[in-house]
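I have placed the structure first, in the form of structure tokens, so that the comments after it can refer back to it.
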Amino acid sequence: MHEELKQAVCNANIELQTHKLVIYSWGNVSGIDRQAGVIAIKPSGVAYDELTPDKMVLLDLDGKVIEGELSPSSDTPTHLELYQNFKAIGGVCHTHSSNATMWAQACREIPCFGTTHADYYYGAVPVTDVMIPAEIQSDYELNTGKVIVRRFAQLNPLQMPAVLVANHGPFTWGKTPAGSVESAVVLEQVAAMAMGTLRVNDSQEGISQVLLDKHYLRKHGDNAYYGQK
Amino acid sequence: MHEELKQAVCNANIELQTHKLVIYSWGNVSGIDRQAGVIAIKPSGVAYDELTPDKMVLLDLDGKVIEGELSPSSDTPTHLELYQNFKAIGGVCHTHSSNATMWAQACREIPCFGTTHADYYYGAVPVTDVMIPAEIQSDYELNTGKVIVRRFAQLNPLQMPAVLVANHGPFTWGKTPAGSVESAVVLEQVAAMAMGTLRVNDSQEGISQVLLDKHYLRKHGDNAYYGQK
Amino acid sequence: MHEELKQAVCNANIELQTHKLVIYSWGNVSGIDRQAGVIAIKPSGVAYDELTPDKMVLLDLDGKVIEGELSPSSDTPTHLELYQNFKAIGGVCHTHSSNATMWAQACREIPCFGTTHADYYYGAVPVTDVMIPAEIQSDYELNTGKVIVRRFAQLNPLQMPAVLVANHGPFTWGKTPAGSVESAVVLEQVAAMAMGTLRVNDSQEGISQVLLDKHYLRKHGDNAYYGQK
Amino acid sequence: MHEELKQAVCNANIELQTHKLVIYSWGNVSGIDRQAGVIAIKPSGVAYDELTPDKMVLLDLDGKVIEGELSPSSDTPTHLELYQNFKAIGGVCHTHSSNATMWAQACREIPCFGTTHADYYYGAVPVTDVMIPAEIQSDYELNTGKVIVRRFAQLNPLQMPAVLVANHGPFTWGKTPAGSVESAVVLEQVAAMAMGTLRVNDSQEGISQVLLDKHYLRKHGDNAYYGQK
């Protein structure tokens, strides 16, 4: 059952390795079938080369395993929290990709320094609060989801499909599992470029709202005119 | 019709991926047949792996589509503006290649720090003005071309086949589509080296005019003596 | 004899090249059979492409060659000193991998800036003292082992399977030869991320003890819950 | 004639591309048969993929072409000057490899920050004087050789098989053409590590003479004990 979902989630996980966002088993992707209320996610600690659709773990929105013999990713409670709160998303991706993780470890949001960034993210990529001891000591992975959701109180997840968890690394999402990986790839590139921008000019500021609007809305929403109709 | 032009433009677009200057569909190359007044350009938002000569879009210099079923690159008006003003060029290339984009985002020209740079660019690689709201809000892509042309009031496009659009990224050109891609490859290398140069010595200044003349003119113009006759 | 050990050590040495931790013959891995008191190590100065299990050199814990026609790695006395003092380890790896070597050359420990680091190393990755002339002039490789062991007086080698030898580069270890290489791969990644973290925020401090405990103990020890049971 | 020399020089040039030290035709290697007084060098501006032994150009020590239909590298006079003054060398290599070029463009010698460097170079890698206008305007390539030789007045070329030409890039050499390329590969790595070392600790100083002696002499000279006998 849910073969299409398992296939899509399996493929998206394998793409993490293709795009060099992960080594060993340092990342995971999940996807959701909203109508069925079913989530598929990577099994914990399994190498990407060994992934097949039937190894994906199926869960309901409360985290109860519906199908699969392997344990789900240890980050599963974070994914669930995101699906429960960001109703429009269909895939979630977590990696420790190098450049995005540097910003996350530095606890600093990524300013929007150019149009590459503005084509995908409608503003600076936010960083969460540093988690407090109580949030870490129990229900850590669930609370990781909660600090993300808290940070998005004023943000639209589809206009900002990425976050940096402070001291940790990026979570990204999209309408599909593949879309969440695309956001992870772009974030890695944007993070690298932002670091280089500061190296060339350490007082550089973000682009204007006008340019941000132009590029973001050129590709997204009703008036988009990029790509084929 | 114009098979040779479409083939050359298709190949040049594919080279963007070979040289790792692009991911997804983040760049485009065009070429012009000056005699026929015909421009071929990449279709918008199509992956490089799927490009074939017959997918190239043919336009006249006013941007009217002559042949092709796909929409042309959304950057087409920028390309047209460059062809109309830089009469000696035969190919235009736009990418968001990492190192060149870092300088563009930092709104800083790339000083000529060495002979690698001087072999291709006759001086610092210029950066355009930051575009004002009115230039962004309407005819954005056309105005992108106009700020480039304005920046070249005192520059010879064939001696400086590259520019950094502020807050955005590089445009490069050459006598042919392939030549415009070669300039994009070299610019990426030169941008990386310039950044490293400043990291080693943050008060380093550009090379002397004498050394610039020597290297540039060793490879270009009537007295060139590099390569085979 | 000891075919399994020689095979494991040969494979682990070849992995150094696969993971791009070495060029030429800039690294070596050894393994130990504690019960037999036998160590297998890479021969000195031999290219990874030419390695076969029968070229591994077998030694006892005093460094006496038991089997093999080639000279053992010139770093052998360092490996022996580690096996003699760190009783729980089964493999040792030495490389000059770029990012870890940068920190070693800078004589600076790698702070634990995030959970990627905390998943593998229970605290900052330590750097040894700079060796004094007497330690360098005679028994240099043995003394390299001694300064490492000295640095670990208060540290548990299995909780901190890596060290930076000042002015030199990393040594890593693990329960097996393959495990020592995994630590070398992770260290290289962690070193790169730490450098980038400081570039983004040069006053960034290490993560809290609570977060370090959470991540390290999530993967290691009796209460680990990462991966498959 | 001189088939062996042409083969060795051709192979060494192709290795520049294999080791990613060059793009386009940005580097060249030569070799000398001291007994015959014959030098083989890459033809100017020819792509590495198209090189075959019979395309190598043969010259005498005065630069007179003995064999070959193509023009020799435009850097030939630099190579000749090095062969005439450094009597023990058998191969010369010139590239614009990224990291070494950054130091050359910054006009800064590469301090010996660690044992990786000390294994190959007996001290800081020197940088030449900036060439004066008269040296650039006539006999530029010959004068490039002369500023290198001048810089080596107090240095032994076999103990320091590399130099940075200010504002330009590295020249390396060795006992053979292949040896000159190995030095170019190592220099690139050493240059990258030195830059990273300064990023981690910007007041880091070079290693002690004792450690330099230990590592350099462990691999070179009568008392070397690295590798197989």
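Order of writing sets the chain letters: A, B, C and D. Residues in each chain are counted from 1.
Everything that follows uses one rule, which is that a residue touches a chain if its C-beta (ideal position, glycine included) is under 8 Å from a C-beta of that chain, and two chains touch if they have at least 3 such contacts.
Predicted model, so just to flag it, every value in this text is computed and none were measured.
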- prompt: Which chains are in contact with both chain B and chain D?
  reply: none
Task: Would you mind working out whether chain A and chain B touch using mostly the same residue numbers, over half shared, or mostly different ones?
output: different
Task: Averaged over CA atoms, how far is the centre of chain B from the centre of chain C? Could you give it in whole Å?
output: 46
- line: CA centroids of chain C and chain D: separation to the nearest Å works out as 33
For chain D, residues that touch 2 or more chains besides their own: 198-199
- prompt: Chain contact graph: line, ring, star, complete or other?
  reply: ring
In the complex with chain A, residue positions of chain B that touch it: 23-26, 43-46, 70-71, 74, 96, 98-99, 101-108, 130-131, 133, 136-137, 140, 167-169, 195, 198-199
Query: In the complex of these two chains, what residues of chain D are touching chain C?
result: 113-116, 182, 185-186, 189, 192-194, 196-201, 204, 207-208, 210-211, 214, 218, 225-229
